[in-house]
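Dumping the structure here so I can ask a few things about it.
As written, the chains take the letters A, B, C, D, E, F, G and H, and residue 1 is the first residue of each chain.
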Amino acid sequence: MKVLMKGNEALGEAAIRAGCRHFFGYPITPQTELAAYMSKRMPKIGGTYLQAESEIAAVNMVLGASAAGVRAMTSSSSPGISLKSEGISYMAGSDLPALIINVQRGGPGLGGIQPSQADYWQATKATGHGDFQVLVFAPSTVQEMVDLVSDAFDTADRWRMPAMILADGMLGQMMEPVELPEEGEHASTEKPWAANGHSNKREHNIINSLYLTPDKLEELVVERYKRYEQVKATEQRAEEYLCDDADVIIVAYGASSRVARSAVNKAREKGGKVGLLRPITLWPFPTGALQKAAGHAKAFLTVEMSMGQMVDDVKLAIDCRVPVHFFGRTGGIIPTPGEVLAEVEKLL
Amino acid sequence: MKVLMKGNEALGEAAIRAGCRHFFGYPITPQTELAAYMSKRMPKIGGTYLQAESEIAAVNMVLGASAAGVRAMTSSSSPGISLKSEGISYMAGSDLPALIINVQRGGPGLGGIQPSQADYWQATKATGHGDFQVLVFAPSTVQEMVDLVSDAFDTADRWRMPAMILADGMLGQMMEPVELPEEGEHASTEKPWAANGHSNKREHNIINSLYLTPDKLEELVVERYKRYEQVKATEQRAEEYLCDDADVIIVAYGASSRVARSAVNKAREKGGKVGLLRPITLWPFPTGALQKAAGHAKAFLTVEMSMGQMVDDVKLAIDCRVPVHFFGRTGGIIPTPGEVLAEVEKLL
Amino acid sequence: MATIFQKPHALTDAPLHYCPGCTHGIVHRLVAQAIDELGVEGRTVGVASVGCSVMCYDYFACDMVQAPHGRAQAVATGLKRAKPDNVIFTYQGDGDLAAIGTAETVHAATRGENLTVIFINNAIYGMTGGQMAPTSLPGQITQTTPYGRDTDTAGYPVKVCELLSTLDGVAFAQRVTVDCVKNVNIARKAIKKAFQNQLDGKGYSIVEVLSTCPTNWGLTPVESLEWLRENMIPYYPLGVYKDIDAGVKKGGASQ
Amino acid sequence: MATIFQKPHALTDAPLHYCPGCTHGIVHRLVAQAIDELGVEGRTVGVASVGCSVMCYDYFACDMVQAPHGRAQAVATGLKRAKPDNVIFTYQGDGDLAAIGTAETVHAATRGENLTVIFINNAIYGMTGGQMAPTSLPGQITQTTPYGRDTDTAGYPVKVCELLSTLDGVAFAQRVTVDCVKNVNIARKAIKKAFQNQLDGKGYSIVEVLSTCPTNWGLTPVESLEWLRENMIPYYPLGVYKDIDAGVKKGGASQ
Amino acid sequence: MPKITVDESVCKGCGLCANACPLKIISLDTGRLNLKGYHPARLMEPGRCTGCASCAAMCPDTAITVEK
Amino acid sequence: MPKITVDESVCKGCGLCANACPLKIISLDTGRLNLKGYHPARLMEPGRCTGCASCAAMCPDTAITVEK
Amino acid sequence: MVFAGFGGQGVLFAGKVAAYAGLIKGKEISWLPSYGPEMRGGTANCSVCISDEPIGSPLITAPNYLIAMNLPSLERFIDGVEPGGTVILDSSLIDREISRGDITVYRVPSSRLAEENGLTGLSNMILVGKLFHELGFCTDEVLDEAMQKCIPQRKAAMLELNRRAVALGARQ
Amino acid sequence: MVFAGFGGQGVLFAGKVAAYAGLIKGKEISWLPSYGPEMRGGTANCSVCISDEPIGSPLITAPNYLIAMNLPSLERFIDGVEPGGTVILDSSLIDREISRGDITVYRVPSSRLAEENGLTGLSNMILVGKLFHELGFCTDEVLDEAMQKCIPQRKAAMLELNRRAVALGARQ
């Protein structure tokens, strides 16, 4: 039978089952249950739970563990993710895989502790300084959190880049029934590049992001962007819900996509041709699915728990061919299906 | 007569003349001359130069000084700006003005020390977590660095928000003749909100970004975004160079705009109708100027020292009405006018 | 009939949000008393840190600034350098001051920044629900050390007064507690001295207050005081660790 | 004829980029010698920090990881927790270890993380062109203390061995220098011991090496050694500050 | 005669005052709940109070005023 | 007879070896510049070298090999 | 359904038992806690959705069932209760009259009952008993299984007390 | 124009003097340093633009004038020199032949001259002297003023030496 688990705890258990034995964290609401869960489980299975002195230390411990070739992760919430941004940029610049979880809360600053999606831009465009991307997964149910954890680890290993799960306080705190995968189902990846001792059998490995010769640095960045193009071509994911005949398509991810789904149902009950396109990967952004949808939809509406961030990516994905509207609540407020329905009806 | 100054030093002197007496920094190439300059000047004029233990400490000292009502600044380069991101988000969330200077270098990670523009997204979309913006000024000459410093301070005070000068290693390191303003020409702003002691004459002031009630937090964020709309309406700035009759308009800021200008001149010599639109404010983005230009131009070309970031904002500004192309070099490489010319000619 | 004990002026009327019996409240009052007694409310600016006391900006009647987690002393440095005549204090928990804020603490101290630092050591992260703090005792059960703090993997507690006393910039460091009236009085004097030092330009003064967290310790308020006496005080000896006036340096345990 | 002194195996053939006479190079050799002597090159992973020695990943023949500025010990912690059988060392400057990396240093130390830390104290930020370091001496002229380090505004130097010896997790802390053959030999032994301790699972071992920066001190290499002897050694006494084997704790200055 | 006043609206029934009173004459009024849901402290034997203010000194919520 | 070899290609002419040699028999060859533009160190009186390796111990660039 | 009260009254636990019962019955379910702005000792409530369809927003603003354990919670949610909905409240702590006529209200003096029956702290489960009795959506066995899921083995004694509380509630 | 050499040879200073001369003449000018990938003791060079028009990119890849103070610098820039351009090099450190016929090359043994004339370290200014002599774009007075701008008052003695070096260079 399925078990009822909090999203935060499910993330932890899923990571363990995906072979992660190294968790480095620092407490912050609303993700504390994840660290608490790891601190209970890891000692039992010979893994490492380490409560670092700060988010910065935690992300750099992940950098070290990942450099050694193991699956490593850290988690935090918005202000803590800002602090991790330098380290994430280093991991990207060093081609290191890792899993970073952001259980977003209201911002800016200390903000609040209620759910938010206002770190979308940070996650998808500028997790840190410089030219780079991280994989960004946006689960919308506790079950999907479980599933995406192992996908995120696998994808990160495959492309040698950091992956982020962009969740929020609602998903982290809520309980839903989940089915957990058997442990060890994940593909274990060879990491010949890892810095784990050369045993006098090979040249020394160097994990590094410093390149003082601009040509060399450019070459590496360009190479990385070629990889990103492959990632874009192969890893885009989105769910389409009643989109085929829809005149208006709501685009929403994570917590707000659940609200949007209810709104779609209500609209359909009233006969409105409304669909939901739910990005599962935010980077790479599901441009393909959006372009397809733009072929028949008359309008898009993004529903976000922010002042409007993904809306721009939707416009860009469809070259502004169809009007894209925005509805959002922020500061920790979860919109209601009724509010969303009202917005949608304006567009029908 | 004008004096020859390095961009970094000019920034320092301009800040002093704009009434800034509090500089908190941490060394990093290629902005070290700015801190060195301040450490020489400040003690002579009764100001504070404080070399903090880290970028994080520095930005939070700025937060404190700004909370006390004085003009305060910090400067760094790319990795250091990532570290400041939490503090910048706090300042935005606390409605504190301040000046942050980013003399960008190649990234990601430790990257290199040559000029770059790869922190554009970070500066304009996600200087930190949560819904907020900072003012972003992009000088292209040493003189303009001087001029924009005082504008940045004034604008930051006016709108109670942090301002960033997004420069790069080239502008920071190069010398050009500058004319410095007389000191005290700047408008000094009343700051009744400052936490500098109530002298038993008023209620206590609180500088804070924590709002545990989502409604309250949302209300404040929405209020702030209304202010942002006013900022967008009044503070957009761009320079147009030979745009009026141009078929192809290059959009470039800062260092790369200088290269672009040379390319425009070369193109004009050959009879090509090419212009340059140079954003001076990157946030607010000069949407107005771009829309006007989109009225007659057949194509846009953004020239950036990155893998392409501003290009999206150009598309959004003109609703993708005209094709927008991108040419960039990254990793610390400054494109040559010849390269840019070649790209432009493809579009003529 | 004279009022011999009442709410100090430097505390506002806002009711404190702390859990019943949490000694944060006592320390708040002692800080306010010091401000009252020195007559500096009008030129005092407090820095609230992130921890249970984050909202102390509502409780102290002086101007207040809320700082990012761990950065209170950097913020305080900015405030003080901007307005040297103001009286600046920080109010910080153990997670804030001794974990994420370690660098800011050590460097404000070594700079001899002319500040008053009130440090609440309750051996736990109160606000986030009871995780291990840098000062949690060996063996202590917390949310993130469910089997007790194992020094092999989670390390040893940081003794802040001992650590900071090695730094030249520190003028005054005393560890106190508020478990009984006698100790409350000692704490009151220490806190007042830490403010007086700032007025006298003596430099960095820190008062570490061993404090309770009934909620996350899982004890009643009164049991908490006992636990503090039996477990914390032996590990964190009370006393003056440094006082440039008195010449006391390191390990002196005279009260 | 036997070779009695040559480049250690654990140093690659890449020529060092350091300025002429910079003692970073001597310390590199001593670290490599320790790795050679203990025969652990194949399972050693070094952590390069950000400072003049940032490119030491090219010089040490073991696997290497380049860490963000100040975070070398956090990175090392990750490496060690991932592969406890590997030998992990960090190589850090004073800006890296004692300014921006203060929290990471104090906490790796208090956790008793089983690491070897090589700490190059040259009283300056070498790589960025000679700014004040946390260890710059009072009165020292640097790029950012053009009138000499004024302790009133720029504070006092941080004495790392003294500070860390107060922490329970520290197994071994010794301050050495490399100004002459005798001291180079002492340094060699200290560094080897700091590695041996890790093999023995003793916990955190740090060797602080007083080092020169001829370029930013504005002196010749030979003059730099003299300046170090005359100015740094008196301020930073050499010796073992902590050794859990020998029972030495704090202030012991025996070599 | 010394007098103490407990501000019931802010009292949280923590009992630290009761614990501190040398005469044990102040205690929680288990019969009543204040608006916050706590049993407020009450001086049981007003006549014996010495006004030593021990209770007030230990009250985290500064709920007690002492007059003498 | 003890012998030292200076790898001139890496020597930076810093003079620390010369400063360390108890016999002062190694010094910088001011007459020559290596490819990096430095005056490399040279053993001036090979016969007197005791092979004490002081020079090598102080050389930051490990430019000196000592045989005995 | 919404369970609401002070932190410490066990509203989250009560909601969890309800959620598990739904799960055992093969329904789609979700459980979402929410705390008041006070971090400590404030109000706490949880939204539990039990449905045949996948659950959209787990946050309930218009509950069909409201279990209210104190006055502030009642006041916060009462107006939102769906017409035709049900309110179960602890009448020993809440003495307000409810003026809405379009909903069913059950007043159970659960705190008092708990005290009187040696079930201190299980006022929440008394209300759960009442809820499931009225709900009639699952058998006693299912509810019992749900409680077993929510109470760890090593607290078996608690299970017994919980059972008694639920049974007591069902009889009100 | 590009001034190139090792760090420490004073190429940046030489460029600054040239830039100031341009400034005094009322030209648009820019000065941009660049260092090799080595942080210490590597190559250093600077691009100086003097123009009647506002200066676009201050980075010069195809200089009209190249002042080369060592071999690596010469090799790095020689192919880029504009046809018709001028190269002035320190022939005491550079003995390479230059095969391009479309440029003018002046070989000044400036390091040796400096040593011989008690102007150690001013090899750079000897080359500047030569440059301005060939350039002919400003009077000696302007160049002198430029030097005054670049040398702080308290180093007046240095100024004299610099003047001598420039004069010496102009005579080569």
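Rule of thumb we're sticking to: a contact is a pair of C-beta atoms (placed from the backbone, for glycine too) under 8 Å apart; a residue touches a chain by one contact, two chains touch by 3 or more.
Please read these numbers as outputs of a predicted model, since none were measured by experiment.
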Chain grouping by contact, computed as though chain F were missing: one piece
Most distant chain from chain A by Cα centroid: F
Pair with more cross-chain C-beta pairs in contact, given A-C and D-F: D-F
Inter-centroid spacing, chain D versus chain B (mean Cα positions, whole Å): 38
Whole-Å gap separating chain A and chain H, where each centre is the average of the chain's CA atoms: 54
Inter-chain centre distance, chain A versus chain B - centres from mean C-alpha coordinates, in Å: 29
Distance between the centres, which are taken as Cα means, of chain E and chain B, whole angstrom: 59
Multi-chain contact residues (two or more partners), chain A: 48, 50, 53-54, 56, 79, 86, 90, 94, 109-110, 114, 208-210, 212-213
Residues of chain H engaged with two or more neighbouring chains: 38-39, 41
For chain D, residues contacting two or more additional chains: 18-20, 54, 66, 68, 99-100, 102-103, 106-107, 127, 134, 154
Residue ranges of chain B in contact with chain H within the complex: 1-2, 4, 170, 173-177, 255, 258-263, 265, 334, 336-337
In the complex with chain B, residue positions of chain D that touch it: 50, 54, 66, 68-70, 95, 99-100, 102, 125, 127-129, 131-132, 134, 143-147, 150, 153-154
Sites on chain D touched by chain F in the complex: 1-8, 11, 15-16, 18-26, 29, 178, 180-181, 184-185, 214, 220-222, 225
For the chain C and chain D complex, residues of the former touching the latter: 99-103, 106-107, 110-113, 134, 151-152, 154-159, 162-163, 166-169
Touch list for chain A against partner chain B, complex: 56, 78-79, 81-83, 85-86, 89-94, 104, 106-114, 116, 118-119, 121-122, 125-126, 128-132, 208-222, 225, 306-307, 309, 312, 315-316, 319-321, 329-333
